[in-house]
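Read from first to last, the chains carry the letters A, B, C and D; within each, the first residue is number 1.
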């Protein structure tokens, strides 16, 4: 008898639980979708969002601390020092490697590098993913001699 | 079609074309065929869009939104164009003739079945006196296409899908065929036109609501068996994407792939329409006296909606469970219904 | 009597499931030996995602390896962060301030919820139900929003640092968390109605892939998979770390209510019940957390004594996550061994797959809830 | 950090020492564990004994390379789910001949852990039924976690070194014949 009862209860439960599930999906058919329309409405990023870096060149003292703190060596810095004057000739971040871990921003003594809200920086070439943050400068011959470019 | 053949000479004469009398039926045939094909393609396109849109809203999403304005209603046209432009890939080790033949076979079955499709009293290609028998017979053709596709792809996953399709579709032919028997017994006819005509006179005259509900149960069984023979969830074993990647049409691409797609969606309309005609009063309205193609299309649309609704709710059965349900659940129940209805008719 | 002719010979079919397959949850390859729909043998083949993170760890200062731990179990990165940081703290003798520990527990439990929701959703997908996946993701989104508010990242957090956490919570965080905890139980009930107790789903999973407790222990299976087999083992309770001793929570184990203990359904249902337990823990945390510093002072340069070693265990979403660190007295570790729970969990697959059907293989792999980033490291 | 992670395997360690005497070279203590340092020959025996003591769960097996001292540690971590005790076993052998007995007869879990250890550190486990690479491809050369390991620049034509990747152009797509 149990076999018969299981048979009929299986048939009944199969239909009943299907109906229960369908009632749930039907309820959501008429509820408001949760989709965010991506290119039209940009998602609001929280203040701590870790996106593409923001670099304040005028504050930078070219100390390489950020490059040293980087686990993947993606920051390359070029500095020309002449006495007290500091010229940042190169501040490249390779976003092929960068893993947005925020480790470079913490140790900066001048607070010149931060994680920004930007996240759209796709590129068609590998070179296009290397962003150059320092403003381009023309160097004199003398400056070229003392320029120091390093990753770590 | 016969009506079309009757009015066609007059129309042609007005247009100033002279056609030999013997060619008129052939011409009418071509016109009907192209109308059916166009309707099939169009309805598949609309359904693909509707399914995506509905699936989106069932899942708290939006579905297509960009192509063609706010509701993305041109999405399936765009998809169709994309599929047309895609490279037609035939695997190197595939059995080329069979691989090419399979999609046509799949479409052919559904296409033929539309001949006896009773949209309204006037709007049907041919009122065959064995209409329903004909539809069930030609629908079976699809399984050959599916098995050929799976076999010819020379892919292990596709082969497994095809074997599942064979097991499943053969198992479900039986309850599906038996499920229409109570209706046939009641209407004393195999012609869809007279079956629908017997249900005139309001909602309570529809077969599905006839006490003692033998036909109500067989409606449910017909619908489930129809789902299974269409390979729709929860019976979508042959193409179960989480197990077999895409089942029998894994290796198909471009237009050939879209043929399978079209057959599935046209099949949905066919099974829903058939259920509407057999059990839900076809073109008859809710109140006595109401009738028209509109009612039929509404009922079909509702049943198609239920199919979509089921697909986006339920998990998938396993192949042994599918066969179990077919043979051990649906078949005994439908046999009981046939027996009951026969006894009622005997009295 | 007629002799049965046995000349219809069938061959075994060897099928490659993966590395690109929708249901292997990543780049796992399973070599299946099938007879029709029956699966005779399944040998997992791993390593497609191998990056040798342990070697990377040997070449980096201790603190710089934290972002890499996110990439191991990328579904519950917080747990990996925490496991690694705990190990380094043991080796270097660093004390974490109390609030730091509370925040660690909050984020790991939130991350456990996110991870289990993903497991729930993908298990629905594996059994053919697509909608639960989207519903699971909808709630997971809320959790990820919370974590994003906290640390600015949605998947690779590296929020937990050696000696504490990276910054205190923003002011609105606790309210948002409470809001989430209020709506969450209702959603769990909905999941149960939609999927857990669906009859088709139960037919697909009850009695499938039964993993007896002794086999599970022999294979080193831990976490929800082991608890599904009826063994009440949870590192949070057995060897409480952080502030877990102060918290009250149950450790759900598999039951024989609907079928054999240790089947796929039990493993799945443990995760659903752990969602509730995690919510319970979070509610207590919100009440009990006290203000204070979140990061230990002067941990900038970690330099443990030579020869120091430690093996720490923590309960990640998938089981016991162990970090074994050996120091050689320099700025970089001599060895970091990651004991990944999924690695042991997937090794049990051949033992429980035999004689099941092809569709069950998918259901079993899904119920083990593996993350390939962690298996291959 | 308060050491709630109790070093609970002390009694088991003492018992093992009493039983095996000189084969157990030393009982060490670290921040989290009691470590039994055993002679390489007693590796399997000690594990069998510990398993009998209730340490049912083999948590992990790994190797630590010490090139200066020319030695290779093989370390295993065990756990007793009922008594909630844990213990580590460590053995030391020369780097070139890092070889211990396999634990696969005792724990099914040892199979994969030993394969991983062989793959990454080159420790040979005698008696292992199927000692091949598990994470790296079969034809990979060297053992990555050895300190003197040098990663190859190319593997089957795929650049492994970042500096060898041409940043300006994508690599040319090979003609499909």
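Going forward, contacts are C-beta pairs under 8 Å (C-beta built on N, C-alpha and C of every residue); 3 or more make two chains touch, one makes a residue touch a chain.
Quantities reported herein were computed from a predicted structural model and do not represent experimental measurements.
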Select the chain at the greatest separation from chain A, using centres from the mean of Cα atoms. B
Contact-richer chain pair (by C-beta pairs counted) among B-C and C-D: C-D
Using Cα averages as centroids, what's the distance between chain B and chain C in whole Å? 44
Can you give the whole-Å distance between the Cα centres of chain C and chain D? 22
Averaging C-alpha coordinates per chain, one finds the centres of chain A and chain B separated by a number of Å equal to 49
Rounded Å distance between chain A and chain D, as computed from the means of their C-alpha atoms: 36
What are the residue numbers in chain B that touch two or more other chains? 58-61, 312-314
Which residue numbers or ranges of chain D touch two or more of the other chains? none
Show the residues in chain A shared as contacts by 2 or more other chains, in ascending order. 18, 21, 24-25, 28, 34
In the complex, chain A touches chain C at residues 10, 13-14, 16-18, 20-21, 24-25, 28, 34, 45-50, 69-71, 99-103, 106-107, 115
Residue ranges of chain A touching chain B (in the complex, touch as defined): 11, 18, 21-22, 24-26, 28-35, 37
Note: in the complex, chain B contacts chain C through residues 55, 58-61, 156-157, 160, 163-164, 233-234, 236, 240-243, 245, 312-321
Residue positions on chain C within touch of chain D in the complex are 46-47, 50, 52, 54-55, 58, 86, 89-91, 93-96, 215, 217-220, 222, 231, 233, 238-241, 245, 308-313, 320, 322, 324, 326, 334-335, 337, 339, 343-344, 347-348, 351, 376-377
Would you pull the chain C residues touching chain A in the complex into a rising list? 60, 63-68, 71, 131, 135, 138, 141, 148-153, 156, 158, 166-167, 170, 190, 193-195, 197-200, 300
